[in-house]
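Below are two complexes that have chain A in common, paired first with chain B and then with chain C.
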Partner chain A sequence: MSNLTVRSLLAAGIFGAGLLAGAATAQDFNVTIGAVGPLTGPAANTGKDHRQGLELAVKEWNEGKGDYVTKNPPKVTFMMEDTSGKPEVAISAAQRLITRDKINMLIGDTLHSHVTLALMELAPQYNLPILSAEPVSSAIADKVKADPDRYQLYWKGNWNSDGYGTAVHDFYTWAFANGTVDPGDKKIAFVVEDTDYGIANAEKIGDLFKADGWTVAATETVPPATTDFYPQLSKLRDAGPDVIVSVFTVPNSGVAFVRQMKEQALEGSHLAIYYPTKPEFMDQAADIAEGMYWAALTFSSELNPEHKAFSDKVEAEYGNPGTYSTAHAYCTMEIALRAIDAAGSTDPKAIAEKLSETDYDCVVGRAKFGEDHAVQSGPDFIPVPVAQIQDGKNQIIWPENVATAKPQ
Partner chain B sequence: MLEVFGRHPFRAILIWALLLVVVPFLPLDDYVLHILTLFLIFAVFATGWNLTLGILGLKTLGHHAFFAIGAYASALVSHYFGVSPWLTIWLGAIIAAIAGIVIGFPILRIRSMPHVAIVTLAFAEIVRLVLSNLKEITRGELGFWGIPPFDPITIGGTTVQFGLGNAFGSFAVAAVMFVGVHLLLLMLLKSRSGLTFLAIRDGEAAAESLGVKLAAWKLFAFGVSAAIVGLSGAVYAHYVLILTPTSVAGPDMLISLLAMIIVGGVGRFFGPIYGALLLTVSSELLRDFGDYRMLLYGALIVVFVFIAPTGLAGLKPTSWRKRQEAASKPAEAT
Partner chain C sequence: MSGTHLIETVINGLISGSIYALIGSGLALIYGTTRVLNFAHGELLMLAGYFILLFAVTLGWPLILAAAATIVLIMVLGALLQRVTIAPLMKREDWAFSVIAATIGLSIFLQSGAQLIWGEQYQGVPYFFHGVAVIGEVRMPWQRIAILVVALLVMGICGLILYRTKLGRIVRATAQDAEAALAVGIPAGRVHTIVFAISAGLAGTGAILLSPLITVNPWMGVSYLLKGFAVVILGGLGSFGGAVAAGFLLGLIESVSVAFVPSEWSNVIAFAFLIAVITARPEGLFAGRGA
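Up next, the complex of A and B:
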């Protein structure tokens, strides 16, 4: 055998071994992702939407329909545990996923900020990348900013509370300027649920209005899932606010509030936050909420063909239409999967680094993290448009560049 | 007395202590240690509450307020003043005890148990609302974070860490609290004080006629009970490291702890321990049933209330019961 043949055989052998090794590596790259969210309790409906969105993204990824970064994406195993909306239960659930199921990444909490504030402590303790989904409280980002080294593995998959605040303030500034809404005596009032979500939004909006010379006439907090608002509405009648902002995460609260507000014939412009995103609200209250402003119409299968396609996909899979929460959870999982794919391993620091480089257009908007590890909001990122219910349907009225109708 | 403490209560505590000493040497993961830590904290909470609810016989429904007071007091002082949690947990217990004595005063005047229940429930709601509205200090429902974990301890060259993710250290703190509280409380209840509490429960008028100062003893019981519950709340705060008024003083906490006491056995010294163990562990074991978890959890409570109406601590082996029945029968002439 000539030297050339020997060298050729040797080279072919090394090349073949390399290919086999590469193939083995690609096949062996499996990741396990866990999620924790409220699958029981008052927010169980939203938790169910989150689970559908997360599962759908994993299903598509494993079936070759994902939006991959590399040619050898990992195979993904996914599991989700219930938190009941309580921090200590969430920690139990997360520790079960970490120690029993050996997850490589945690998505959690999917909804509650106060639960996320507890969960993010597990990132440094267990050297585990954690990405929360819908929580918005700025306190989470404040915690990251206070100690970025400690929370280098924690990322926040939604904008900060000030995203809503800025949008509501800017919308009204625009509405006052063009005469859509009369500022009157410049008095604003809030009726919000007694959660970090409700209170943080009220505080931010109140601060922005106060800076413009407004006074906060009342800030009424009610327990989550409240349906009796007559005491709060009576107080509001006396205070006579020109703008009323309500924030609830349970749609039944929103339905009751809007109905009772109409009964009490309160004057003043009403803007609702979050609950009109739920189909249950529109099913029950579209007629009585006619003319109401609300934020943020980030998901509308009626107005946005891309959202319609996603909603149809969810309906085909689960028998119910997709919601903003389904879409947001889907995008959160997409962001996580793409970061792991780009990292090419389950190394926590490599995943965190790729998360920091995320710049991804998903169904709810463009996801890009800021220095505080939170997804940014605004026209260039995830938009926070204000809608109005007109003839029983939602129409985007602000910002003008994405508006589908004029305000009425 | 046998009904309240069982046959060998000190021996039972010794067995619990030995079991807890063995646990860290077993091949258990952090998850199991976390569940056991929660069980120990809630067992102490339930035992403290059982002192007034079961042993003294006052139908109080507001002890989750003392849990919240102990938790927030310890967390706030350690956070804002940089005091070690090893010291602030005692401060939390003392403040909770003072709160217990304060709420004890109006209860002295109330004879009707439903009214006692409503007053204490209202007190808990006031505490929750105050904690929610003191936003500048507690951050309300936004969640009070930045609570320091217990300072590390170095023993023989090994440093023991505490707080979330440091399962062994946190378990050890909870275990020491569990054994210490139960041992001291048992010593108290096996003394004249315990007999006095039982006398008040079984017949206030009779006890008073025998010279028992009802007001003083009730206030004392409230203080001790609230201090124990406050201590468990303080340890909880430095373990979980995040507090919201709803999570520590909300109705969920009330229902969970009440279920533990009822399932374990109201008025029985070891009842709350069994109830806390059963409900804390089963809540986690049922995770394998997915969406049916909470349904099964509720059904489990109903089943145990039916099969053991006097609580798990009241269950007796059949053979023992038969022997007791035989012993209580008068001897027949032959």
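Up next, the complex of A and C:
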């Protein structure tokens, strides 16, 4: 055997050993992520979408199709528990994941603000990074701002109620200015679900309108999944608001509200928040909701080719098209995975630090956290466009630079 | 408050109340006759919602036929559930708590089963009665008016059966003393099954009337069950007529409270009234008029 051959074999051996060592390092870095969300109860259809989005992101990650930060991304194990939309059930479910399954990070709640307000307490208690998905209520970020040390491991994967407040206020300011909507006697009314999400949105929007000289004619809060709005609508018809804002997370509340508004022939401009993102709403109410404004059309497979591609990918995997909730959950998991990958370990503080540095373009927009640990909204981040249902289809009408149609 | 608002407030209260009365009278009938608190009653309403969806929408049957098939099917199912789950437990000495546990379990089982079979989606049922009745400034869809009319009709028929027929006398005799009824040849077990079937029929009627308004989903019966129990307590445990009256009273209290204070106080006011009644008159407002 020549010296060259010996050297070659030696070099190959060392290289191979290096590869094996590298592989061992990669395999050693496994991570277990748990999620909690509503898989039963009135919001179960949204919880199902969340599960699909979260699972899809993990599947792609483990199959080598993820958007990695390092060359040795961790292998991910994922599991999800049901909350039924109740804080006490969510806490038990999360504690099971923490103590039984030894999760390294929790994604939760995937939908409800009032559940997240309870869950975020587990971050300091168990020294666990927690990232919520869709919850919006500013009350969550207010808690973080009030005690940043306590909530250094908690992060909010969606914008604050201010995002909706600013968008709704700025849209109407624009619509009044160009004559699309008549401000009338400057009276606004709210019919919202009795959750932190519904109440926070009404408060933020109300404050902005009041600053412009408007009066809040009524704020009616109803239990989630309410479907009989006749007592509230009779009252509103008496109060005669010029703008009515409704906020529900359950689509059948939205369908019932819009239908009953039409039956009661309520005058005034109506803007809906959240529920028109649900496919069931458009299936059942597109005709009766003709002309209605709503926020926020962040995901539309009809108007955005990237969203269409994502929806198709979900359909190929699960047999149903992707929704805003699927896309948001997918992005939330991507943000979590990239932070863990960048941290290079499951150390909670290291993960939190990398979450704080997140600046990532995902399918629903650019995710970047603010000082209150909440993802920022606006034209440079995750957009909050206002849509109108025209001829049974959604069209973006505001902001003008991304509008797909003029308001009717 | 305008005159229009006042009239609509009363009508809305009566319509909500008629649904509470339908659900509550079913629960009262069962409790009055068998002393069973049926926590799965809301799920019978939910199943009837899926049946009317199947017959009227998926299969496209005429409304009358679809409604009749739904009521017959849900009555059979109600009787079957009683025979399979409740009747065997009632043969034990300590049946009271085991029956409560069984009906709670049944409720969860039926909700989860419905979610597995039909999914989490909210499924719409078109209005059976189209258009809006307009009198002056008062506007009311015919579908909602139909709820009040049909509910009154169905509860009236039930009342007639209960108080004016031989079957009614048998049911009331069993309610007063099942063992004594058995001693004089009344098959108490069979009467219990019949009562469960009638109660399921009342829930089914509620589901047919409500489905176009609330959309069909696995959890549609939950909130109505809570109101149903409130009605049973308010009306006097086990009193059919009391439950009917209490249902309308609860609907009116809710509707009137929304007219004067923000909606978030509506349930607080309704249940504060309930607590006040329990404190002042523990036997309920209309006690002594047992099933």
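Definition applied: the second predicted complex is superposed on the first by the 386 of 408 C-alpha atoms of A that agree within 3 Å, B and C clash if a C-alpha of one lies under 4 Å from a C-alpha of the other, contacts with A are read in each partner's own complex, and residues count from 1 in each chain.
Here is the rule we use: a contact is a pair of C-beta atoms (placed from the backbone, for glycine too) under 8 Å apart; a residue touches a chain by one contact, two chains touch by 3 or more.
Computed from a prediction, not measured in an experiment: that's the story for all the values here.
Superimposing the complexes on chain A yields a three-chain arrangement in which chain B and chain C clash. Of the two partner chains placed around the shared chain by superposition, neither chain B nor chain C is touched by A:166. In the superposition on chain A, contact is made by A:40 with both chain B and chain C.
In the superposition on chain A, contact of A:230 is made with chain C only, not with chain B. With both structures placed on the common chain, the touch criterion links A:221 to chain B and to chain C. Judged by the touch definition given at the top, the superposed model places A:121 against chain B, while chain C stays out of reach. By the touch criterion stated above, A:238 is placed in contact with chain C alone, chain B being left untouched. Once the two complexes are overlaid on the shared chain, A:394 sits clear of chain B and of chain C alike. Of the two partner chains placed around the shared chain by superposition, chain B and chain C are both touched by A:194. In the superposed pair of complexes, A:300 makes contact with neither chain B nor chain C.
Listed for chain C are the stretches 60-68, 150-158 or 276-284, of which 276-284 clashes with chain B, judged after superposition on chain A. Where the contact sets of chain A with chain B and with chain C meet, they give residues 40, 194, 221, 223. For chain B in complex with chain A, the touching residues are 29-31, 34-35, 38, 132, 135, 139-143, 145-146, 163-166, 236, 240-242, 244, 246-247, 252, 283-284, 287, 291, 293-294. Touching chain C in their complex are the following residues of chain A: 40-42, 44-45, 47-48, 194, 218-223, 225, 227-228, 230-232, 234-235, 237-238, 250-252, 255-256, 263-265, 280, 283-284.
Residue ranges on chain C touching chain A, taken from their complex, read 1-2, 4-5, 8-9, 12-13, 15-16, 111-112, 115, 119-122, 124, 132, 139, 141, 144, 213-215, 217-219, 223, 254-255, 258-259, 262-264, 266-267.
Taken in their complex, chain A has these residues touching chain B: 39-40, 81-82, 84, 86-89, 91-93, 95-96, 98-100, 113-114, 117-118, 121-122, 124-126, 137, 139, 143, 194-196, 198-200, 221, 223.
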